[in-house]
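In what comes next, subunit A is part of two complexes: it sits with subunit B in the first one and with subunit C in the second one.
Our next item is the complex of A and B:
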């Protein structure tokens, strides 16, 4: 069994009007079954309101399924006694770094998690050091978080989760509020966690170019998983993604536009290099 | 009919050890009806600049003229300026508060002292301009999707009948389709009404697609001020200040480096597809 597994996960909530009368029931996640192996880099795409964030919150036991089951490292998330074990196994990073940083000094902020877990002081400092190094923020350890840029703050948030030694990190649009440089820094840090530390990454994003290196992509719509596959398989389906209010990376889109003008190219080219190679081959073949 | 900034400086914490020059000798002229993009990394002075344009912050030195009048003149009506220069903050949906969409949009014009009829006409007009479906007008703003809420918030500012609309990252956190829809609507509005629009954005692809002119801010100064093609030709310098060019610029440079005679100044996918297609044609004819 993988690190995160869901079986027919369904989450419903009741909508109420001003007086508290029931207006109806919304199914935010609808019978989702998935199995994520330890060490995978998973991306979840979907338009606003498709159920991505609701699904993500189940992995961290912030929400419990209405029906179905979620297991994190073999633990059933609806088992209240295991909630803290589950949260330290699967850490979560949210969109706005300002809502996640509490310490006055970077290293204190990162140490907050392990301190709460009762980790011995000496080990806390070791964990703080290795976590800050992993996200490239060690030299800022004595700084005040509110003097950092958005990308730096977000990397401190990730280090804070990392210091709890999770097996899995769920990131819910961690780059939505960042400038291009901040976005690049955060994505680089996330990829390093996955490749060097072998932590399972589940990344939710609206920026298509951020996930071209993912092992697997899930696309959600109306609470269901409607597409899954490698980035290449997913991004080959330009029209289908557009109908789901999504997009493809610009290299893929340029390849697609050229195909439509009659240039012979394979679908699902993900980077500038791939596009250049394919164009070279296309010319050579004639 | 224009806005002129004449040697505007703004200094935070003047006379303290934390003294920071947030705006450094800004000289700009923004003629009526232009669609201007403002880019810069976090902390580059974009927001400070915007807040000067509608008088929320007062320059430490220098002058700002709106339609020929000095806004720092002691007889100048600041309240009128704020209704003429509408500012839509980041995540404006957090500022929605009324019991239904329509009342929320009425709030601004009502505060201008307009009578009920005029207020409601303005609210209808504004909601129509942002393309919100009529059946949502009497729903609670909190029941709408992210993109819809954001339209309502923009309508709230439009209902003041501004001559200049300033938007601070209006697409942050929206899915790709939602981004396109909002920006298309704003572009349409600008074309139809001749309104001046200033768009602050971290998405270089969006800026390249929609604006006539880009102002690049860095360390409180204007680094570049030109049409998108010319600005993005400096992509190396932009990277040095935490920005980037649209992805398509990198793709074209890669193709050029491999010997394909493409025009590297194309900034949209459409233009890029044209130049690549033309370059392929030339190779074939040889």
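Our next item is the complex of A and C:
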């Protein structure tokens, strides 16, 4: 069994009017079954309201399923006694960096998680140092978080989770509030975690360029998983993605349009380099 | 305009005073303030002033920063001095219309002024040399015993440090909302006090909403990082007394002894 597994996970929000009567029920996540293996880089894709953030919050036991079950490293997330074990196994990074940094100095913020876990002082310092080095923020350890850029703040948040030594990190749209430069910094840090530290990464996003390096992609729409596969498999279905109101990377789109107009190209090209190579070969053959 | 407000007044230097344990500084300041009201003799005040001057010298913080704190209480001080000067009964010195200045009045007025000045400068030394974070930590540890009486010491300290962290963020947000409202024709600067206060309502509503949203997000992020109150928590930077802290305590005791001794000496000599 994988590090994160869900079985028929369903979550319903109950809307109430001012008197507390039930006005309606919104099913945010609808019978989702996933199995994620240790060490994988998973991307979950979907436009706003597709239920991807709700799904993420289940992995950290912030939300409990209405129906179905979520297991994290074999622990059932609805088991109240294991909540803290689950949270230290599956760390979570949120969208707004300002609203998740607690410390007034970078290093103190990174130390917050280990402090809560009751790690001895000396080990906290070791963990803080290695986590900050892993995301490339060690030089900023004495700075105030208020003086950092968005990308730097988000890397501090990632270090904060990393210091808890999780087996899995869930990132809920960590780049949504960042500029392109910050986005690149954060994605580079996340990939390094996955490749160097071998931590399972579950990246939730609606930016297509960020999922190119994922091992597996799940596409969500109205609470359900509607597509899954490698990035290449997903991106070769341009029409379907468009019908789900999702954009495809520019290189993929250009390749697709050229293909439709009769240029012989393989489908699911991901990067500009791949497209250039394929075009070169195709033109050379003619 | 709002960005100019700096919170706390920490002044960074690498002095001994800065490196002292916050508990020493908190306790020392408290004792110092009490001592100002206990001494009650001008020789005692001389000792207090000398002690303060030495601490300021050691802290390497420019003196003008301490005086800044005085501006805030200038009005209070004028009133205190005025009342004491004119309304203390006793031997009359000068008489102006219905008010009269008495010998006793002059003495209490000068006493009060000296006390207030040293009190304010003394506490500025503490806030100038201690980061707000350190202060909160020190308070948490000093008030720790109150936990027995179910006072949520850790929670209060955590709230204080979160408030400190979010003040600059909320300031920036206020600035942003203000600009957005000004762009749509809101006027924050014109009119009388009532009109100005009214103009603040459309500013406060979005600010409060956003503060609540942030609080909700932050609570979730803290729980996700295993925060569950003060129990079972370890400290990354625990407060540990070092040699210099013990010396500092000794200095404070010596100062108290000297001050009290000076008072007795003064009375003995009859000055």
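Here, the second predicted complex is superposed on the first by the 286 of 286 C-alpha atoms of A that agree within 3 Å, B and C clash if a C-alpha of one lies under 4 Å from a C-alpha of the other, contacts with A are read in each partner's own complex, and residues count from 1 in each chain.
What we mean here is this: contacts are C-beta pairs under 8 Å (C-beta built on N, C-alpha and C of every residue); 3 or more make two chains touch, one makes a residue touch a chain.
Predicted model only: the values in this text are computed from it and were never measured.
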item	value
Partner chain(s) touched by A:25 [first = subunit B, second = subunit C, both, neither]	neither
Which of subunit B and subunit C A:84 touches, first, second, both or neither	second
First, second, both or neither for A:99, with subunit B first and subunit C second	second
Subunit B versus subunit C as contact partner of A:62, first or second or both or neither	second
Subunit B versus subunit C as contact partner of A:121, first or second or both or neither	second
First (subunit B), second (subunit C), both or neither touched by A:257	first
Which superposed partner A:279 touches (first subunit B, second subunit C, both, neither)	first
In the complex, subunit B residues that touch subunit A	40-43, 99, 140, 143, 145-147, 172-179, 202, 204-205, 239, 242-244, 246-248, 250-251, 253-255, 258, 260, 269-270, 272-273, 276-277, 280, 283-284
Parts of subunit A lying in touch with subunit B, wherever the complex brings them together	15, 18, 46-49, 95, 149-151, 173, 176-184, 206, 208-209, 242, 245-247, 249-251, 253-254, 257-258, 261, 263, 272-273, 275-276, 279-280, 282-283, 286
Complex interface listing, subunit A residues touching subunit C	60, 62, 84, 87-88, 91-92, 94, 96, 98-105, 107-108, 111-121, 124-125, 128, 145-146, 160-161, 164
Contact set on subunit C toward subunit A in their complex	131-133, 161-162, 164-165, 168-169, 214, 217-218, 220-228, 232-238
